[in-house]
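You will see chain A twice below: alongside chain B first, and alongside chain C after that.
Presenting the complex of A and B:
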């Protein structure tokens, strides 16, 4: 075996999406020697796919907007389960983070007076999403990528080496974190291209690995979303919260089968698109929940007036938070009022002139034309729910992104708490920037205060290596094919822990996962380590399985319905449950039989000045009687 | 609905390789990438291919299909006859790593050679003001998903390894144009486009624009206007300087 490649950095950022790049920029600006590791090419992380926009209360379109209103919307969207401190920091800092992007060269769509334009989105009281057509994620990632390059150019001018302070290692997968006496000491992984192993020694690691959607069959997520960061954190001894909350986006493509799950941006509805069932009825009016009755129109005339006159009319119910819309679509299809391919109709063609549609929604127009032979300026789209985002993730300190493991930080989709039980559209991109920056600063602060650097022991490294090559030495007869196992996992999660859940099914899911875990121990892959997707999948499966176990076990424990967690057997939201977090840990992480443990822990009460931002009547819908008195 | 399709896929490494024949199921509505994935799952678990979004947004899955540079995820199987053999090969301009995966590091090197956005001095974040019509030109170029198909296609480097040193390729010449047309960028980029990034080597054949999956008019809207600016500047630098300084007022 060739000698192990080694690198040493101050701060290691795992992930090159919005959160990772913003964290890396911050760490480098704090003088840390920083590395960014990512599984795909630089500039292609999942963030690139975000479409609709980035939420920030800049008040450019409606000057009534403020961080307080944004905070309120975020808490409502998350059904008050959010970590209120994160929601506060997010709402306060998002505008600065968006403006900062302009200094990196970003070009958002403009208002008439030359400022950044903002659009309407589900759950946001005012037009709040900064955007570039429907390719906002591309603009965000490209701007951050170009800022990284610009810092590298500065370093080149000074040191003669572009990579002297900030280096990107692309197409590299981290398989394990290395600890020294419970503290982070580095990370171990392989070059996807050559399969060669590398050890990164670093006292601080920022996890920015994104989500977990690849454990579900119908998903808007790409192959990267295998929950690696969630699993790395668990194995390192950190805890995950809110894992029962998985967001199903109401509008994914449903036809043809090969594109099932691919996202149809919420901007289609924000810009006037409406949902109809097979009877041609705008059914969302029948699904406005009690808690939102005073904010959403109950008739078409008022809903239609809202686009031009939001001050005097209530919003169209198509713009309810995502969990509500996804459930409504699900019910319509179940009641037999679905479209030919098991979705409902999303129509913008009868609502806007064709040129307007191609200007505002160019990539949707392109996507449907090329992939489904549908012209959205003339025909409705067929859409249905798709697994989109995980609210759950690493439990962190809101101000610094620090997890409970010294030296381990997390930001972006891999972290938990900010969005509570349900994320509002547009609140992820802003989350990435606000908390990416904070985690980069947090990690830098941690490193500068260290007196001695932790060490990666050779035993720990040898163990990581053993685990990584195991699939090559699996016994040939009866060995499991990773593709087969992955398909079974996706089917189980989709069917048994999907959008509507019940106890028997989740029990079954947990048993199924147990069995899959046992079979995963005998995974066999063919070929060699050079760019071998079968091997990559075999290693990813280890992460998907443990993360799926968190989702299933936490979902079974939470006996209520809230946000991205809907139970057929417990359809009500219970104020008592709002005060409880379900915390997942993996005791005995290195053992093969390790099993996820979920415990109930109390939620930190909301600070009183933030509570005062709400009307008492609204709080009554969410809080218990003694909380209201206290 | 489904049928057995004929595929020829290039397999190999930097050490060499060749086309291999496969017969594989094709279903209604599928794209070429779906079929490549089916090959991975059923016949060739170690077939190397890059992809991410499967919706033409990330620019990972570039390759050549029947000799034409394209995205695997945006090429529908319905454009081929059922009895037609579909040949999939890696991008030719970049060195092969394995199978359909090429070494695209040339592009990242070139990206670094283009001086970055130079923010306007004295304008605080939050104070940037630009009109929609003025940002639209650069916004067109910022639609670029960095699939590098244009660079793969451009004959200046496709058949001439030796030009790679001095030629940024259409993707990054367009990046220069994007910054040059950015309403608030303060750097002077015209002279460098010619001297450092090889704009002069482009003879406006438009092959790059033809393959761009984002339908960006690279040649008409970025390269030709840059060439015009170079010509203007050479002809009368004083006039050019005036234009540059006062064009926003």
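Presenting the complex of A and C:
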């Protein structure tokens, strides 16, 4: 057996999307020797797929905007389940993070006076999203990547080594964290190409691994989204919150089958696109919930006036938060008013001149033309809900991103709390920058205060290696294909814990997951460790299964409907439930038969000066009577 | 040696039902494993597919049902991340953006599609190449905003026209389709290649940037823009529709007229 490759760093960042890169830059700026580990090539992270923009109350387009208004919108979008401190930090700091990104060289569309332009988006009261056409996520990643390159060149000038302070290990997968007496001591994983194992010794790890969407059949998420960070945290003893809340983006492509699930950006609606059913009816007017009636127009004339005169008109209902629109589409299709392929029609062709569409939405125009042979300037698109984002994640300290495990931090989609039960579009890219920076600083602060570094014991390393090679020596007789297991998992989650949920189906899902867990534990992969995608999937399945278990069990426990959790058997939102968080843990970590435990814990009450930002009448919709009295 | 997997019984278990309207096509893939093989070989697979399927779907079919060892990169699957550039029927394309209907043989004749790794970079395995030399060239042109003086507290002002000036080259997704389609790059690996020049162009023509001189110096080097022989392969290959050759010409012109 060749000797184990070892590296030693101060801070390890797992994931190279927006949160990971921003965290790494911050740790490096704090003088930490920092490594970034990512599954795909550096610069190809899932963040590139974000199209709409970065929400930040800069007030460039409407000077009435402020962090307080952004905070209010975020809390409303999350149905008040958000961690208020995260929502506050996010709203306050997002503008600085956008301006900072601009100093890194990021390109933005501009206003007439040369400032960063901002666009309208679902759930945001004012035009708030800084954007570059519809490729904002790509630009964000590229800017951070370029910043990393420039820091490395600075380091070369000073030390003669480009990677003396900040090093990227790409196409690398972390399989387990290594602990020393309950504290983070390092991470164990393999080079995806060679399958060779590597041990990273580091007292602090920032998880920035993104989401879990690959557990669902119809998803906009790419192959990396297997819940690795969620699972690493659980196995290390950290807790996850809000795992029952999964966002289904209302508008994914539904046809042809080869592109099912791929996203159609919300900007299509922000720029005037409307949703129609097979009768040609603009149906969203029928789905405005009580809590939003004073903000959204109930007739077409007023809705259409809003684009030109947002001051004096209510917003079109197509711009309701994502959960509302996704549910409405689901209901229309169920009622038999869907399109031929089981979606509804999103039409911008009759709303804007063709040249305006290609100018404002170039990537969408391109995407439909090239992938589906549809010209969106001439005909409507067929769209339907697609699994997009998980609100749930690692329970963290809002200010530092610290989890309950010493040395373990999390930022971005893998962390939980910021978005409550539903995330607003545009709040993800800003989340990555605000909390990526904070987690990088938090991890640096933790490391600089350590008196002694934790140690990776040889037993812990041997155990991590044993688990990683286990798929080669399973006892499966049928020769099961890991791809088959993955597809069964996706089908079960889609059908039984999808956009509309009920108790008996989730019971079934939990049983199905148990069975899949058993089969996954015994499946055998062929070949050897070098370049072995089947082995990679077998290891990813371990993560997807435990994360799916969290989603299903928490969803079964929450007997109400709120944001990204809709119960057919409990259709109402209950103020009592707003005060409760469902917290997932994995006692017995990786032992055989370890099973996710979900417990109810009280939600932290909202600070009073933040509550005062809302009208009493609005709070009555969300808070219990005794909370309102206090 | 050519191994052909049967349609009905793949080595990897049950295949999904064949959808209505599917056509069986032959996909020839160049296989190579740098750790074990001396020479590459071609494997052929018979795949039932819809005209609306993309080449990426065909590759997934092979990997999931016929040969789990097939190795290629892919991520976002709709042309934004730039992971799956490969030579498809002899030209550089992203596998996620080529529809089968555009590759079908005329008159209902049998269709064969050849898939190879992009040229000019060392092959690790199958369609997966070593991207390091490509990224080294990218880093060498200082692909980041260079400014002097104090950082502003808010954004730098940039007019709509100034921002528009370099819009085209900011669309780059670093997929390497252009660089690995360039005959000069195939023979002279030390040439920076089109993608690096595109990324230098992005900053040279950015009104906020003050590093144009430094970058132009780098590109004036023996391995810089003067190697370009204007064959337009790069422009044809770009999946983002960037006018790559034009950008290179603009850099050449900047060298000729701005500095001298």
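Quick note on the criterion: the second predicted complex is superposed on the first by the 627 of 630 C-alpha atoms of A that agree within 3 Å, B and C clash if a C-alpha of one lies under 4 Å from a C-alpha of the other, contacts with A are read in each partner's own complex, and residues count from 1 in each chain.
Just so it is clear, a residue touches a chain if its C-beta (ideal position, glycine included) is under 8 Å from a C-beta of that chain, and two chains touch if they have at least 3 such contacts.
All values derive from a computational prediction rather than experimental measurement.
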{"item": "Fit or clash between chain C and chain B when superposed on chain A", "value": "clash"}
{"item": "First (chain B), second (chain C), both or neither touched by A:256", "value": "both"}
{"item": "Which superposed partner A:35 touches (first chain B, second chain C, both, neither)", "value": "neither"}
{"item": "Touched partner set for A:103, first chain B, second chain C, both or neither", "value": "both"}
{"item": "First, second, both or neither for A:480, with chain B first and chain C second", "value": "second"}
{"item": "Partner chain(s) touched by A:414 [first = chain B, second = chain C, both, neither]", "value": "neither"}
{"item": "Footprint overlap on chain A, where chain B in one structure and chain C in the other make contact", "value": "40-44, 46, 48-49, 58, 99, 102-105, 107, 109-110, 113-115, 132, 135, 138-139, 146-147, 149-150, 152-153, 193, 222-224, 256-259, 262, 363, 366-367, 370-372, 481, 483, 526-527, 530-534"}
{"item": "Chain C residues touching chain A - in the complex, by the definition given at the top", "value": "12-14, 19, 33, 35, 50, 52-54, 57, 63-65, 68-71, 73-83, 97, 99, 101, 124-126, 128, 131, 135, 139, 142-145, 147, 151-160, 162-163, 167, 170-171, 173-174, 203, 206, 208-209, 241"}
{"item": "Contact set on chain A toward chain B in their complex", "value": "40-44, 46, 48-49, 58, 95-96, 99-100, 102-105, 107, 109-110, 113-115, 117, 132-133, 135, 138-139, 142, 146-147, 149-150, 152-153, 156, 162, 193, 222-224, 255-259, 262-263, 363, 366-367, 370-372, 481, 483, 525-528, 530-535"}
{"item": "Footprint of chain A on chain B - complex, ascending", "value": "13, 27-31, 34, 40-41, 45-60, 74, 76, 97-99, 101, 104, 108, 111-112, 115-117, 119, 125-126, 128-132, 135, 138-139, 142-143, 145-146, 179, 182, 185"}
{"item": "Partner chain C, residues of chain A touching it in the complex", "value": "40-46, 48-49, 58, 98-99, 102-105, 107-110, 112-116, 132, 135, 137-139, 146-147, 149-150, 152-153, 193, 222-224, 256-259, 262, 363, 366-367, 370-373, 479-481, 483-484, 526-527, 530-534"}
